[in-house]
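As written, the chain order gives the labels A, B, C and D, with residue 1 at the start of each chain.
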Amino acid sequence: MVAFVTSPFDAVAGIPDGATVMIGGFGEAGQPVALIEALLEHGARDLVVVNNNAGSAEVGLALLIAADRVRKVVCSFPRQSDSWHFDEKYRAGTIELELVPQGNLAERIRAAGAGIGAFYTPTGYGTLLAAGKETREIDGRHHVLEHPLRADFALIRAHLADERGNLTYRRTARNFGPIMATAATTTIAEVTRVVPAGGIDPENVVTPGIYVDRVVAVEPASGARDAARHGRGAAT
Amino acid sequence: MVAFVTSPFDAVAGIPDGATVMIGGFGEAGQPVALIEALLEHGARDLVVVNNNAGSAEVGLALLIAADRVRKVVCSFPRQSDSWHFDEKYRAGTIELELVPQGNLAERIRAAGAGIGAFYTPTGYGTLLAAGKETREIDGRHHVLEHPLRADFALIRAHLADERGNLTYRRTARNFGPIMATAATTTIAEVTRVVPAGGIDPENVVTPGIYVDRVVAVEPASGARDAARHGRGAAT
Amino acid sequence: MSEAGSTTSRRGLDRAGIARAVARDIPRGSYVNLGIGLPTTVSAYLRPQDEVTLHTENGMLGMGPEATGDDVDPDLINAGKVPVTELPGASYFHHADSFAMMRGGHLDVCVLGAYQVSVAGDLANWHTGRAQDIPAVGGAMDLAIGAKQTFVMMTLLDRQGHAKLVQACTYPLTGVGCVRRVYTDLAVFVLAGDAQAPTVTVTAAFDATVEELRELTGLSLLDGTGS
Amino acid sequence: MSEAGSTTSRRGLDRAGIARAVARDIPRGSYVNLGIGLPTTVSAYLRPQDEVTLHTENGMLGMGPEATGDDVDPDLINAGKVPVTELPGASYFHHADSFAMMRGGHLDVCVLGAYQVSVAGDLANWHTGRAQDIPAVGGAMDLAIGAKQTFVMMTLLDRQGHAKLVQACTYPLTGVGCVRRVYTDLAVFVLAGDAQAPTVTVTAAFDATVEELRELTGLSLLDGTGS
C-alpha cells in the first residue's frame, strides 16, 4: 500500500549505504530533483545509481556525484557538455561506470519488473559493450544475452498521483519513471499534485498504484522551476 | 501510413490463404467481430489464428472455425462451455492447437513487436507445455526459453482512432489489441469512431499510429451490440 | 466455525466457509488475484476496510463486484468473462503489462483451485491428462509462479474419496513448488521446507483431528493447530 | 546543386545541402528518427506534405520543431535535450515502449552521424576509442540496428583528410552491417551485397568524379550516377 509523506526527506527515509537506486529522468525532464536533494541531505553513501545520464551542471544527480555519495553509475550517456562533476570523478578513478546502450538499459529495467530471467537482443552485437557476453544466432541474426536490472529503490518524478498511488506523467518527462517503478523493491515518487481516488481516469493511468510505495507532493514541477538554467547539452 | 477504409470488407483485403492472423479480444471484449465477419465473407482459408480463446457460441472467431477456414489455433484457453465449434473440429482432428500459457502468449507477442530474439521465463517450467524446450537456471530459478510470436495480420478492436492512426481502447477490451498491433506486418483496427489529429490527448494514446495500417469505423461497439447474448463461460 | 456441520451430511467447512478462511489470511492492503471458479467467491468476504485491491489478468486493477442490470458493460469483464464493475482508483492495462505485473512478483497473493497439490507445493490444476479432454491453461501457469504467495482452495477429497493433497502429483503440473497454503473443507495446510525436505503443517482443522487428516492423506502432517 | 561551391574554399555540399539530400530520399509518410547533431538538421527540409512523423527515443512520436519563447517546456525535449514542440496527433510513451518501437523494426528510417562507415555497412559513431575520452553510447546502438533503413550523414573526409568511408572500421563499432546509405558532402553511397561480398555504389557526386572518389577512399566504387 502506498504511503503519502509530507516531505522529500521523509520520502527517502531508510535508503541505506550501498543501496542500488534507480533515478528517473532523461536529462532534467522527469528527474526527481526534490528526492535527490533529500537523499543528499539524508547522507547515504556508496550508492549504485541507475540513470540515463551521469548528472549535469549543478542540480540533482550531479550534486550527489559531487558529494562523493555515488560509487558506481549505470547509464547510457554520461558525457555531456555540463557533466563536469562526473567527468572529474571518472578521470580521477573514484567512480565506476557501467555503460549500457539506452535500449538495453530500458529493456533490462523492464525485464526486472516483468519477471523475465534474461533476453536476447541484437543491440550491441559485435561491439565493445557486448564483449564477453553470451551470444546466439536466432533466425539468422546475431543476438546478445542481457539480464534484468533491479534496484532497491526507485526515485521518480510523476505529474499526478491519486490516493491509490496511480501515476500520470507530463510529456517526455515520462521516460524512465514507469519502468523503474516496476523494477525496484521500494518506489518513491515526487508528484505535482495528489488527487482523490478516481481523480485519474482509469484508462489514462500510466503507472498503476501497485508499483508505488511512497508519494510526496512537491510544487511546482522541478522541471518548470529549473527552466531558466536549462542548458542544451549535445547529448542523448 | 494509416489508410482509412469505409467497410470491414475493404479493411481485410489481401489476407491470403495460409496467413497467420492475430485476432484481438479476450472472449468477446475487444473481439473485432466486424473484421472477422468480413474475413469470413472474404474467403481466406488455411489460416493460423492467434487469439486468447478458440471462439465461443455463434459469433466471430467461432464462425471462422465452423467454416473450416482455420488450420491451426494458437491460444491459451480453447475450452469454454460454448466453444462447440472448436471442440468438434479438435476432436475430429481437423484443427491444430498450440496451447500457450496466457502470460507467455502475451510476452511472446510483445517480444515480436519489440525486437527481442527470445526470452527466459519461469512460467511453465517443469510442465507439459515446456516439454522439449530449452531451460536454464538463472539466479537459482528454473526458466524456459520462449520465442517471439509474429503475424502477417492483426485484426483488433479499439475505441477511438485519430487521423494519425493513434488508438484508445475501452476498459478490459484493451487486452491483446495493443501488443498484437506491434507484432503483425499489417495491423487492421475496427473502431467506434475516428476523430481529427489532436482529438486524442497525446498523453492518453495507447497504440501509437505507427503500429496501425488500416482503420475502419463500425458502430456500435460489437461488445455492446452483443451484450444481450453474452454468456458467462467458466473460462480464463 | 459456524459454517461447519451446517448440514447434517457434511462435515468441515462449506464453500463459503473455505472462502472466509482464505479471506481472513489475506493481509490488509494486499494486491490479490482470485482465480476463476471457487477462488472468485473469496471476494465476497473481503471488507472495504481490508483495502484489498483485486487484479484481473485480462487487464485491470481495482476490480469491483459482479455487475448487474445497467452496470453490465461487455467491455468490462473479469478473467472468467463475467461482467464486473470498476472501483474508484482502478486502472486498465494491456495483456503484456498485466502479466508482467503478475510474473514480476508484484501481486501479494494469488488464490487458485486445484486438482492436486503435492507436499512440495507442486500444483496441478489445468489438465486432467485424459486424452478426450481438451486442454486449456489460461493464466494458471503464470499465476501459480508469479505471486508472492500462492494459496490453493479445494475440497480435501475428490469424488472418489482420494485426498488431493498428495506426496506427488499424478495430474499434469501447472507449476513446481509454488503453493504456500492449502485451504480445504477439513483443514488449512501450510507448506514449507524445500523440495528435498518439504514439511506440511496443519494450522487449522474443521471437524477433523490431525490424526484423521493423516489417515485421509497418508501424509506425515505436523500439528500446528495448537490444540 | 545550388548549395555546392557556395563558398570558394569548399567543394561539394555544405551541411544544409547534405541535409536536403537526405530529406529528399525519405519516402512520404515515413516514421523517422533523426540522431543528435548533424542529422537533426534534416527536419528543416521535410515539408508538411511529406507527412513524415518524427520519433524521439526519449518517448514521443509526432515531434514538432524546436520550441522558442513561451513554447519552451522543460518536460518536452528531444533526444539532444533541446526543448521541442508537439504536433497534432502526437503520442508519448515510456522508454521501454519507445525503444521497443525502434528495436522492433517499426521506424522506416534512422539518420545517424558517424566517425566511420565500412563498405559492409559497419558503423562507428559512439566512441573514439581514446583512453582519455569518456565513452557515451546513448541510443546509438539501438538506432543503428533497429530501423528498417539506417542512413548516415557525414563529411567524406576527416580533418586530417582521411576518408571516413573505409574498407574496415578502425574505431569501435556501434553496429555491424547496419548502414544502407551514406550521405556526404562529396557523394551519396549506397551499400549493398553482404558481409562477404559488399558493394558500394555512388548514386550522386557533388563537384567530384567517381574516379576522384575512388582515389579519396581507396575503395572499388561502382558508378551509379548515370553520368
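Going forward, contacts are C-beta pairs under 8 Å (C-beta built on N, C-alpha and C of every residue); 3 or more make two chains touch, one makes a residue touch a chain.
Keep in mind that what you see is a predicted model, and the values were worked out from it rather than measured.
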item: Chain at maximum distance from chain C, centres defined as averaged CA atoms; value: D
item: A-C or A-D - the one linked by more C-beta pairs in contact; value: A-D
item: Separation of mean Cα positions, chain D and chain A [Å, integer]; value: 29
item: Separation of mean Cα positions, chain B and chain A [Å, integer]; value: 34
item: Distance from chain C to chain A - Cα centre to Cα centre, in angstrom; value: 36
item: Between chain C and chain D, centroid-to-centroid distance (C-alpha), Å; value: 56
item: Touching two or more other chains - residues of chain D; value: 60, 86, 92-93, 99-100, 102-103, 146
item: Residues of chain B whose C-beta touches two or more other chains; value: 107, 110, 114-116, 121-122, 169-171, 202-203
item: Interchain contacts (touch definition) - all pairs; value: A-B, A-C, A-D, B-C, B-D
item: Touching residues (chain side chain B, partner chain C) in the complex; value: 26-30, 52, 76-80, 86-87, 90-91, 97, 99-107, 109-110, 121-129, 142, 169-179, 206, 221, 223-224, 226-227, 230-236
item: Complex contact set, residues of chain A against chain C; value: 1, 110, 112-116, 162-164, 166, 182, 196-198, 202-203, 205, 208-211
item: Complex contact set, residues of chain D against chain B; value: 28-29, 31, 51, 53, 55, 60-62, 86-93, 99-107, 146
item: Interfacial residue positions of chain D with respect to chain A in the complex; value: 35-37, 56-60, 72-83, 86, 92-96, 98-100, 102-103, 122, 127, 132-142, 145-146, 172-176
item: Chain A residues within the chain B interface of the complex; value: 107, 111, 114-122, 136, 138-139, 141, 143, 147, 168-171, 201-204
